[in-house]
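Alright, structures below, take your time with them.
One chain, chain A, appears in both complexes that follow, with chain B as partner in the first and chain C in the second.
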Partner chain A sequence: MELFFDRAAVSRGGPDIRVSGRFGPGINLVSGRVGSGKSTVAAMAAGLLAPGEGAVIRQGIRSSMISFQFPEWQVTGNTLREEIKSWGADEGEILLRAGLVGREGDDPLSLCRGELKRLVLSCIFGKAWDLLILDEPFGALDCSGKREICRWIEARRSSIVVLCTHEQRFLPRTDFLWEFQGHDLVCRGTMPAALGDWELAPPFVKALLSRGIVPHNISEDDLAEAACRIHG
Partner chain B sequence: MQDPRLRLLAVVAISITAFSGIAGAFLAALWYLTCTRGPGMLRRSSWPLVAFIPLLLVTAAIWITGGEWLSYLVRLGVVILVAIYAYQDQKPGEFIQVCTWAFGPGVGFDLGLAGEMAVSSIRFLGGEVQRVRQAYLLKSSPIGARALSSIATNLVFGLLRRAEDQADLLFVRGYGKGGVSCAKFSSSRRDFIAAGVAVLLFLLCFFPVREFFILAQ
Partner chain C sequence: MIRISGLRHGVLDILSLLVPAGNTAVIGPNGSGKTTLLRLLAGMEEPVQGSITIGGEPGGTLTVGWVHEFPGRNALFSRVRDEIASPLQFRHLECDEILKKVEEISGLLGISPLLDREPESLSGGEQVLVALATAMVSNPGILVLDEWDSHLDAHTTAVLQEHLHRTGVRWKVQCTQDMDLAASADTVLFLSGGQVLACGPPGEVFSEHLGSCWYPPSWRWREWSSSLTGQR
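== the complex of A and B ==
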């Protein structure tokens, strides 16, 4: 199972966004500044945007789903009940997971963005996907919500997970690190070896590395464990 | 066309020409094909063609009631094509610039602002329609009659919410009435030719040119 970007390039009114490389099973973190092209890569990976040059090739992927940055873009139902049904998910389970029990008759667009994000992500994580693309899944969520999403993501390690985010604090335990250099997406490698090359690494990670401490990974627990290794 | 004033003049003149009769519609279609980038823009983004749906419905009603449906279809069809071109060729901010230039900073600005907001709502609607299609595609859900009513309701409520947000925004930014638009217009030779041809066709359709030439002989 593999998602292969064969020198894919696309232009959306600005400079060309270029991607080359193979995304395999595991959690692939795509890091980059705002406007670098993360959402464009997500759209290409999901097959919603055809590259102007090169190709995006899916091998052995039978099912895929994308979570958009803005959850209202995925709403098709007039009530929460209809919305959950449109995903083919179990109503009771999703309402519980999203913390929205008793609101099944509400209009999804009447929810605040954080609630809607939780609802859509609950529906997406309620099913198994070979390829799961998450475009800024932490947006609009509070700290506990972000921690929970990290746990959900970590439970999907057997799928290809493409996580596009500029979140700096709450991140799941990651397998592969990708980073935008300008508008070119490059693979930095596997964790923890890739940390040294990570230009946009969170300040906390940089502080640890500057003290010669290499965290095992970038999850909150890994960073806390690494911080405990500091003496004096 | 670069100059929005000439574009507006041309579009108004050619739309009236198209509506005046079958011959006018034929000439207007020729103008659309030769003097504008309309066909190319329509190939790149074809969603405005949905504007033909109400036209087809009305045409069907005229046909059923025994009216002149063909003439209506041809004349209005060309008017819609020209309107789509005017919409697709327009850049944000141009409408307010032209209205302020034409009618001054009071009424002109307000008129332009209203028009600009209406046009931006159409653009917003275009994006929303695309996203809705994407959402259904991702869920592998068919867009049936029931879904269409749900989509339409959501789009209307979305537009109402947006209008409310825009009104709040204008209020917090201190908008009362009127305003100044410091527009700079630039016209190309092509603009003058396209607008000139449109006005000429309008004159040909509405003035008894043939009689003038007979008298001159």
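== the complex of A and C ==
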């Protein structure tokens, strides 16, 4: 199972965004500044945007889903009940997972953004997908919500997970690190070897590395464990 | 001073609250009433019960700059330049003056290259920058930012915070899920279930949340680092 970007390039009114490489099973973190092209990569991976040059080739992928940066783009129901039904999901299970029990009659667009994000993510994570593309899934979630989503993502390691985010504090244990150099997406490699090449690494990761301490990975637990190594 | 008395509106239930002028961060779990409070401060909603005054004037009487949590929803025009100019055009300012102010604010926020783009073609982060420029172009008395940073990377957020500090806007109220950003405010207002859990300087508010995910990560990492330095 593989998602292959064969010298794919696309222009969206600015400089060309270029991607080459293979995304395999595991958690692939795509890191980059605002406007670098993370959402464009997500859209290409999902097949929603055709590259102007090159190709995006799926091999062995039977099902895929994208979580958009703005969750309202994904809403079709007039109530939470209708919305959950549209996903073919169990209403009680999703409401519980999203922390929205008792709100089934509400209009999804009456939810605050964090609640709407939880609803959509709960529906998405309620099913198994071979390819799961998450475009800024942490946006607007409170810190406990971010921790929860990290756990959900980590449970999908057997799928190809493409996680496009600028989040630096709450991240899942990651397998492959990709990073934009300008508007070219490059693979930095696997964890933890890739950490040394991560230009936009969180400040604490950089601080640890500068002291010769290499975290095993980038989750909160990994960084806390590395901090404990500081203290012996 | 922002003065709130006997407020009951939606989920909000605030008996009495005084917030000094300056930069205020509103934090709290998803659904705690942060956006509702911001909408009241901006005069977009009238309190069902109770009152809000800002600098002694009723809420809604000041010129308001507002950045929505869904920045794309507010865009009215098909060119970024026209979008930023719109608050001034609606006031029938002279074209030369509008042009000058649009160029100034775009330069300040580093988005001059985007002026001829369509808002729809921008990344989520770029849309926020355009919304911020549109909010600031008319020199508002109060600037209300509703989770504007959730679409921005840490570097861009830090740069924009610097710009915001220099704007001279007397009241800046921003709701955020970034506790490091909240920690840089003059005042932190912590809402939970529509009520005020705490309000005061960041050190005072966050000292009650040491060890929880609400404690600013950079503070935690700084404490780890300083204890490392102490060990050396």
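In the analysis below, the second predicted complex is superposed on the first by the 230 of 232 C-alpha atoms of A that agree within 3 Å, B and C clash if a C-alpha of one lies under 4 Å from a C-alpha of the other, contacts with A are read in each partner's own complex, and residues count from 1 in each chain.
Rule of thumb we're sticking to: a residue touches a chain if its C-beta (ideal position, glycine included) is under 8 Å from a C-beta of that chain, and two chains touch if they have at least 3 such contacts.
The structure displayed is predicted, hence computed values, not measured ones.
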Quick one: chain B and chain C on chain A, clash or fit? clash
Going by the contact rule stated at the top, is it chain B or chain C that touches a larger number of residues on chain A? C
Scan A:54 for contacts with chain B and chain C and give back first, second, both or neither. neither
Touching A:75, do we find chain B (first), chain C (second), both, or neither? first
First, second, both or neither for A:65, with chain B first and chain C second: first
According to the stated criteria, A:26 is in contact with first (chain B), second (chain C), both, or neither; which is it? neither
Output check: A:145 vs chain B and chain C. Expected answer is one of first, second, both, neither. What do you get? second
Footprint overlap on chain A, where chain B in one structure and chain C in the other make contact: none
Chain C to chain A touching residues, read off their complex: 28-31, 34-35, 69-70, 72, 113, 117-118, 121-126, 129, 147, 150-156, 177, 179-180, 213-214, 217-218, 221, 224-225, 227-228, 231
So in the complex, the part of chain A that touches chain B is made up of which residues? 46, 48, 65-66, 73-78, 86-87, 109
Counting only contacts in the complex, chain B reaches chain A at residues 131-132, 134-136, 138-139, 141, 147, 150-151, 153-154, 157-158
Can you name the residues of chain A that touch chain C in the complex? 12-14, 32-35, 37-40, 69-70, 72, 111-115, 118, 136, 139-147, 166, 168-170, 200, 202-204, 207, 211, 227, 230-231
